[in-house]
Amino acid sequence: MRYLSNTQEDLREMKEAVGIKDVCELFASIPQNTRRAKEIAIEPRSEWALMREFSELSDANKPGVAFIGAGSYSHHVPAHIPYLYSRSEFQTSYTPYQPEVSQGTLQAIFEFQTMTANLLGMDVANASMYDGASALAESALMAIRVKKKPKVALSRLNHPHYVQVVDTYFKPSGFETVELGVLPDGRTDYSKVPDDVSAVIVQSPNFLGVIEDLGAAAKAAHDKGALLVVSFTEAMAWGLLKNPGSQGADIVCGEGKSFGLSQNMGGPGVGIFTCKMDFVRTTPGRLVGQTTDKNGNRSFVLTLAAREQHIRREKAVSNICTNSGHCALAAAMYMATAGKTGLRGMAQLNHDHAAYLKAGLEKAGFRPLFNGPFFNEFAMTAPAGFDYKHEKIAQKGFIAGLDLGRYLTEHKGVFLFCATEVHTKDVIDAFLKEVA
Amino acid sequence: MSENKYPGTSGLAFKEALLWERSRAGRLAISIPEQDVPKSDLDPNLVGDAPDLPELSEVDVVRHYTRLSTWNYGVDTGTYPLGSCTMKYNPKVNEQAAALPGFTELHPLAPESSIQGALKLMYELERDLLEITGMHAASLQPSAGAQGELTGILMIHAYHAHKGKQRHKIIMPSTAHGTNPASAALCGYKPVPVELSKDGIVTPDAIRAIMDDDTAGIMITNPNTLGIFESHIAEIAQIIHEKGGLVYGDGANMNALMGYVDIEKTGIDVMHLNMHKTFSTPHGGGGPGAGPVVARDILEPFLPVPRVKKDGDRYTLVSDAPLSVGRLHAFYGNFAILVRALAYTRTLGKDLKDVTEQAVLNANYIKANLKDVYNLPFPQPSMHECIFNDGIQHRSGVTTMDIAKRLIDLGYHPPTVYFPLVVDGAIMIEPTETESKDDLDGFIDAMKTIAEEVKANPDEVKNSPHNTTISRPDEVQAARKLILKGQKA
Amino acid sequence: MKEFAELNFDKEVSYTKTHEWAKKTGNIVRIGVDDYAQSALGDIVYVELPSVGGAVNAGAAFGSLESTKAVSDLNSPVSGVVVKVNDALSDNPELINSSPYGDGWIIDVEVKGDSDFDALLKSDAYAEYVKTLEPIEAN
């Protein structure tokens, strides 16, 4: 086996050094009643056979051109980014527990923390969470730690899967969620925030693509003594939109996969978590801090570890250990690559393409569900018979929006569309021809 | 010591600024596509200032990250004997498989007819993990070991709730993994410690003494964090089951069991597996990992949704499971990691038993060679890892941390230090199966050299590392004067 | 970590087995941690302090001390109401290391009666107790 390096001669010498005749002697502490009866019934493949098998699996997928976002957005990944993050030194290292041999990871994560905090207008960002959904669940738990009221108010227009993850994390503790309804323009209705919640949680742009009024959300939350938690699924939006920190958000969390990562059937992503400095000691996840070494050189270390599971054990703020470090690295590379002007340009083009697609769909008989402002996603009521056409269009290689009836029962026959910088005019025109 | 004996040298070491210190207004590293449609202006009240990000050229970005990478040590650089972390070689064909466009370009919400290959892949990986463990049902959704652990405990919690009476405690030996107490706490279970035998394992008597009908079960790591197999596991499980409890197995150490142990027969009811440990997916400097759970049939109804089902030759996603703990990931878990894991199980197959044998032999070889030089607090037979401490060196004022730092100078990543907590000053060594005898001999020699240095010149060790770009960063200063975000130069 | 012989047990204060000290002046009891605790924990990086006006109970946690590698609960030697906290510790937690019985004091508690206080260990008895403990590894 090519991943095992010991020769028969090596094995013989090692057994002699250990004082055994057969390796199975090292397994003597395993009682008979827990042993396998048979060998593992998986036939080893050669590299050739393996790649044939995987190519067949890959070919059995039909990615096509998807005009859907809903938490996973198609964006261009600049060529140098996978090239750089695939460097072995980044990819095959562990969590940076030994700072002298992991300054590369540590500085890169410090830069990631800095850029995400600046992008979102927040004081502090952590080194990442698993994905946007778990970042939201951890944010909700943190708000309850801070405000000590076992209930949060969630907009109905948070991503339904994210809400389900919050429910999963809440269930055993008995924490409650209450739902905030939707206004006619597709924004969240903040008029009915209960008095006894730790947080108001709103996604912007929301699940149906509408840009929320975060100033109003902040006022509604703070009037009730609650924190404002802003979630997002499309990080690209912050290249264009006013950041949540400047509008009063206390915690901002979301999915950073749009920055330098492929779709990969939805994972891995990179959960972004940021908050105000006041809450730093109850922040989940790892934090990298700057310090100096014994010779006065600038250096970086994991810090505030006393919050974490390996020290505080059952009183830890979270159980998270391994996070999404390598994806955070990719996201940092993307932010550094796009930079101030590039991210603005890219975000504007996302909006332009989406507006062009929306106008084309309107011509084809679709009606916008809302007239609230959108970024690169919007919901449209389909003309009669579109359900049937959806299948036919799929055979031409286009995924024509997401059927919202699967998620929000009140929106049967409504489809959620998305266009990004990769959906060029030619592609959109070809798609619209099929829809018409 | 001779100059070229160890891989560590002073090397080529570059300085590298922070990104924003390199920034120059007007530089751009990204190619923006043509403006092929009319510009659409958003309401100016919604638009913010351009984001506060550095401005760099593509060359700047490439040099920056290439230089940073040279400050890291990876498995591809050399021996990485980090105990409990299973830093084995990450096969490159796995990367090639994961980069196939049918996987990378796939939208998670595309119609089921468009994602048949991905669903089949997930289904097949579940089958492989069940074959390797002997369990009955699996979910690939958890994103890492700790989330897999949480999933397992959520399932136990949901099981007791379904039985009509929730319990409030859970038994947790001190030799369990560090994340276990925090995962249990998320479910409101109070960890109950259990006495270890002098051999460092849990005994049936100790369990019998504390297991009661308010205890949800036990969280047990096997082999435990001392590297010792819990040989009473089946009897312990029986005691737990008789009192209506369940057994959670932390599968982080599965690398010591493949081909030998049938997990189902040990009495474990649910267990997580770390794809980024036993199943060779890269650790990436802190994730992403994947922490699938495998369960016994009685817990199948509680697995997370959606689940992948096979119906004839079609694969479907099923969410209709009223007892399920629910969803843990925005979509289906870390799919691209799962691709790599399947590439590994399919490459190794039944030879996974050789993996386990050589992992255990390698650890025992290190143990045999270092036991006269370093103190071995638990001399019992151990499996894939061995735990020493600084008991001997401490007399010269040299600590475990000093030994770890000196190893860096000699070209090795240090072992895990100060864990498990049951051993003072622990030095936890897990070589994994992919290291050759030559690699191990080099590491053993380096450890012996350090032990000699401790006697002859302890300051050489105490002031190490000497060959790195930075040495002994001040963690106290980092925690007292928090700088978590860079300031513009 | 200091050797036993290097430890200083202030004669003016009384001790708990969880290594807090208490000193009574009128009905106010000043509370801190002793030389053994600060030495065992190593460099203190953060002190979690209670609010003025809050109640504390003898034997129960009222805050915590963090080093870079450990967290330790602060247990109150007496029951009463917090009347003052040492705000200097917010910016200078190292005062606990440099002056555990002086500038590194943690809170003042107003008490009713002497019963809790009288149950505490005097310095000689406490020193005997510390001698029996295994040295805690400071990393």
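Chains: A, B and C, in written order; residue numbering restarts at 1 for each.
We take it that contacts are C-beta pairs under 8 Å (C-beta built on N, C-alpha and C of every residue); 3 or more make two chains touch, one makes a residue touch a chain.
This structure is a prediction, so every number in the text was calculated from the model and none was measured.
Judged by the touch criterion defined above, the protein chains are all mutually in contact, each touching every other.
By the count of C-beta pairs in contact, the leading chain pair is A-B. Central chain assignment: B. Criterion: smallest distance from chain C-alpha mean to the mean of all protein C-alpha atoms. As a whole-number value, the distance joining the C-alpha centres of chain A and chain B reads 20 Å.
Averaging Cα coordinates per chain places chain B and chain C 38 Å apart. Work out the mean CA point of chain A and of chain C, and you get 44 Å between them. Shown for chain A are the residues in touch with two or more other chains, namely 303, 306, 312, 315.
Looking at chain B, one finds that residues 475, 478-479 touch two or more other chains.
Annotation for chain C: residues 45-46, 66-69 touch two or more other chains. Within the complex formed with chain B, the chain C residues making contact are 43, 45-46, 66-69, 93-94, 137, 139. By the touch rule above, chain B contacts chain C in their complex via residues 399-401, 418, 424-425, 475-476, 478-480. Within the complex formed with chain C, the chain A residues making contact are 281, 303, 305-306, 311-312, 315.
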